[in-house]
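Here's a structure for you.
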Amino acid sequence: MFKRFEQDKRPPVQIFVDGIAVAARQGDTVSAALLASSCDVRRSTAVSGALRLPYCMMGVCFDCLVTIDGVGNRQGCLVPVTEGMQIEIQKGKREIGK
Amino acid sequence: MTKNVDAIVVGGGIHGCSTALHLCLAGLKPVLIEKDYAGRHASGVNAGGVRQLARHIPEIPLSIRSMGIWEKISDLVDDDCSFENYGQVLVAENEEELAVCRARVAELNTLGFTHEELIDATELRRLVPAVAETCPGGVVSRRDGAANPAQTTTAFRRKAEQLGAIVREGVAASNIRQSEGLWHVDVGAESFAAPVLVNAAGAWAGTIAATLGEPVPVETVAPMLMITSRVPHFIDPVVILRGRKLSFKQFKNGTVLIGGGHLATPYQDRNETVLDWKSLATSARTVFELFPVMRDATIVRAWAGIEAKMKDDIPVFGPSSRHKGLYHQFGFSLHGFQLGPGAGAVMAELIVNGGTQTRIGDLGIDRFYSPTL
Amino acid sequence: MTVAPKREDYDVVVIGAGPAGLAAAATSAEAGLSTLLLDENIGPGGQVFRAIASTPVTERNQLGADYWVGADLVQALRASNAEVIHRATVWSLDRNLEIAVSVGGASAFVKAKRVILATGALERPFPIPGWTLPGVMTAGAAQTMLKSSALVPDRRTVIAGQGPLLWLLAAQILRLGGRIDRILDTTERGNYFAALPHAFAFLASPYFRKGLSMMREVKAKVQVVSGVTELAASGDGQLAGVSYVAGGKRETIPADLLLLHQGVVPNVNLAMAAGVDHRWDDLQLCWSPVLDASGNSSVAGIAIAGDGAGIGGASAAVVRGRIAARAAAEALAPAAAAKLPALATLRSDLAKAERGRTFLDTLFRPAPQFRIPAGDTIVCRCEEVTAKDILDAVAIGATGPNQLKAYRRTGMGPCQGRLCGLTVTELMAQARAKTPQEIGYYRLRAPVKPITLAELAAVPKSEDDIKAVVRG
C-alpha cells in the first residue's frame, strides 16, 4: 500500500516479522515498517477475530497492537524499530504466561 | 402536588432497586428515588462477586436466602445478569492460614452452615490450576460465583419499573420528613408521601439516618478495582485470599477483574474518587505472586465506587429503632452486592408482613444504641 | 535511550510536545521554573510537526513552510533548561497533580505544582460502513507515515472527507510521487452559505491564500468529486472498493487504500480522567474543557493549552502554550513572569491566530450521516459494537454512555472511547431526543493508556502496604 520516497536516505534496520527478515529504516515506527513491508501484517481482534491494520498511527486507536520482543499488546505506532527486533503479529486474544 | 404511594425507596443501588421490585411483587406501589442513575455508584461498579464464602456470621442467613434468588435470577428480572456459578475459592497461602480456614469451617458446621468446605492442595489445584504451587489448600463455596453488577442493578431497576414502580433518576430526595403518619419526600418539583420509607442510599444513607435522629458509626469508602484486557480463558471460580487483600475473577469475555478492598480517596460531594496507585501496585504484586501467568497482562482501567462501611463491617438492615414506617438498608461494607436480591425480598416481607423467616436480628440499627429502660 | 524523570517534584510538568507543549515548556523554563516535558512520541513535534527533528523529507517545500515553523520551537526548547523525556506515556493524572508516567517499561510518579496539558487533538471518528477494514486509515495516519518515514501510497488510493488537512496531505503525497486516484469531498453544500457571514475574517487570515493554492495544486492532478453524501468501504478482510453517492448518483470504485478525514477534536482522555469539567461545543461538535482566559481548568493547578483546549490550529496552540506557561510563572515566580512577553501581546497574537476559525468550523462541520451511523456500521472498534446494538440498548433502558457500558461494553476496550465516544454521545442524543450535553460522556479512568501488571507491580511500595484480612 505504501512505498518509500526515493530521496529517503536513512540507514537500514533489519527486523523480523514472525521470523521473516524485513528491511526497515532507522526512525521508522514498528507499524510504519510493517505497512511498508510486503508481509501480511493484519492482526486479528480478540473479540471476533476480525482482521485489522493500524488506523490512526498516532497512538489512539489500538489497532496496531503487536507483540514486540515477546511483550504483547504493544502499540506498534509508538515504538521505533531497532536492529534485530522480533515482531509477532497477534492473532486473537494474546496468550499470557508463555 | 403530593403523590401518594405505598412506599418511598431512597437510593437506586442494587438494594433500593431490589426492594422496590419485591414491593411491587407484593402488590405495593413504591417510588424509587436515585440522585444520579441506578447503579451509578458501588452497585454498578463493584467486583460483582456473588459470594456466601467468608461472610460474617450474622449476615449468613441473608446471604443464603439471596443465593436461592441468584440461582433463578432470570425468572425474577428477565435478564441473566451474566451470573455464573463456578464457585468461589478462598486460598490459604501457608499452613497457618489453612489452620484458620479449618477452624472457621468447623465453627460454621457447628452452627449448622455447610456452604463452606475445606479443600486440600489437590482439590485447590483442580479448581484453580494456575494458582502458585506453594498454596496448601483453602475453602470453597461451590454455589458461589459472580455477575455483572451494572447489568444486574439495571435489570432490577427495569423490572421494578415494569411492575409499576415509579422511578425518579437524576434528582436527589430532599426534605425527608414525617407528618401525620406519612413520610414525605421532595424530588425536584415533585413531592411523594407514603407510610413507608426505605433508606437504601448507600454512602449517603448515614446522613439520612443521622438527620432522622439515628446516627451510626459509618464512613464513606471507595474500594478500588482494576481490569485487564482480554486474555485466553484460564480460570473459572472467583478467587479470594485468606491473608492478603485480593479478589480475582476472569469473565467469559477473557478480561480479568482484580479487586480486594484497597481504598481510593472518595470525594463524595463530587461523585469522584482519586485512586491510590501504590496500593493498586500491591494488588498487582499479590496477583502475580499467586498467578505468575498474569505478569504480562495489561491493565486497561481502574476505578472505585463510593459506598458506606460500618464500624463493625456488617450492614444496618431492618426497621428503625425510633420511627414507625422507616426501614434501613445500608452500610453493606464492601460486601453488599450478593445480598441485594435477598435483602430486597426480606425487606418487602418486613414491610408487608411485619416480619420474616430469615434471621436478621443481629443487623438492626438498635445494635448501636445501649438498651434503655 | 529513554530515562526516568530526574526528580520527584517539578514546578511545571507539561504533557505533550506538540506546538502548545513545546512553547509552554520553553516559556516555563525561561521563567526559571523547574520544568519537565513528557511526550509519548519518539521525537518532538506532536502531530502537526511530527518528526520535525528527524524527517527524511528534507526539501523544505515538500512538507511546506508551515511545517518547518516547528523547528524553531524545538530549537527554543533545546536552548532552555527544560527536562524533556520522549516515549514517556503519562497514564494517570489526578486532582492532587500526581502524575504516573511509563518510560521504557517502568513507571515513575512525579508531582507538579502546575500541570499544563498539551495533549492536542485526534481525528474525529469517521464511522462509515467498512471503516474497520484493513486498508482504511485516517488521513492523519498517512501524513504521519509521510512525515516520519517518507512513505507514500503507491496503490489505488482514495481520500475522502473534508477539511484543510485533507488538501495538505494530498498535496504532500503528490509532491513525493505518491498515488491518489480520487478525492471524495464530503463538505455539505449548505455549509458554504452558513459559513458566508464569517468569510470576511477568513479572507483576512493566512488560511485563505494557502488553502486555495493547495486545492489548485491537487485538483490539477487528481479527480475530485464534491458533494459526496454517502460513503462506504467494502471488502472481505481487506479493502477492495469504495462506494459513494454524489449528486444522487452512486458509484463504486476499486481501492486498496482509503484515507478518511473530517476534522480533528480535542484529545480529552487525560483531562477528563483528572476530573476536568468539559462542555459540549455545538459549533465544533465535540467536548471541550471549561477554561479561563489563561487556560486554567476546573481542577486547581491544571491548565490546558493547544487543540486539547478546543480546536484552534497550530499557531493558536503555540500562543496558548505561552499563555498557560506565563500564568504558571505568575503563580510560582511572579518576578520572573514579568520578564516574559506581556499578556496583552500574547492575547493579541492569539486573536490573530484564531482569525478565520469560525469560518472553517462552519464550512467543515461534518454532515450528520458521517457522524451518526446506522445499522450494522461499527461504532466501537475495540469491542465491535454496531449502531444498531447501541440503539437496541437504548430501547431497553440505557440512558447514557456510562449505562451503555453495562449493556454493550462500548468504550471499555483499550482505546477508552477515543474512537467511539463522540459517536456514542451523538447517537444516543439523537435516539433519545436530548442534547449531547444532557447525554454526557464516558467517565474516563486511569490508566488512560494500558500498562502491564508487571510494570504496575514494580512501582515503589507505599508505607501503608499492609496485610489485612480479605474482604472481597
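Miscellaneous remarks
A, B and C label the chains in the order they appear, each numbered from 1.
The rule is short, and it goes like this: contacts are C-beta pairs under 8 Å (C-beta built on N, C-alpha and C of every residue); 3 or more make two chains touch, one makes a residue touch a chain.
Computed from a predicted model, the values in this text were never measured in an experiment.
Counting C-beta pairs in contact, the pair that comes out ahead of the other among B-C and A-B is B-C. Nearest to the global CA centroid, when each chain is reduced to the mean of its CA atoms, is chain C.
Rounded to whole angstrom units, the spacing between the C-alpha centres of chain A and chain C is 22. The geometric centre of chain B is 40 Å away from that of chain C, both derived from CA atoms. Rounded to a whole number, the gap between the C-alpha centres of chain A and chain B is 44 angstrom. Multi-chain contact residues of chain B (touching two or more other chains): 229, 253, 294-298. Annotation for chain A: residues touching 2 or more other chains are 47, 71, 73. The set of chain C residues touching two or more other chains comprises 413-414, 450, 452. Of all the residues in chain B, the ones that touch chain C in their complex are 37, 39-40, 44, 47, 49, 51, 54, 88, 90, 148, 150-151, 154, 157-158, 169, 228-229, 238, 240-247, 253, 259-261, 270, 272, 274-282, 284-285, 287-288, 294-303, 313, 333-335. Those residues of chain A that touch chain B in the complex are listed here as 46-47, 71-73, 93-97.
The residues of chain C lying in touch with chain B in their complex are 92, 94-96, 100, 109, 275, 396-400, 402-403, 405-407, 409, 412-414, 416, 443, 445-447, 450-454, 456-462, 464-465, 467-472. By the touch rule above, chain C contacts chain A in their complex via residues 40-42, 47, 51, 54, 56-59, 87, 89, 105, 122-123, 132-138, 140-142, 144-145, 148-155, 176-178, 237-238, 256-257, 267, 381-384, 413-415, 418-419, 449-450, 452. Of all residues in chain A, only 1-10, 25, 27-29, 32-33, 35-36, 42, 45, 47-48, 50-63, 65, 71, 73, 77-80 touch chain C in the complex they form.
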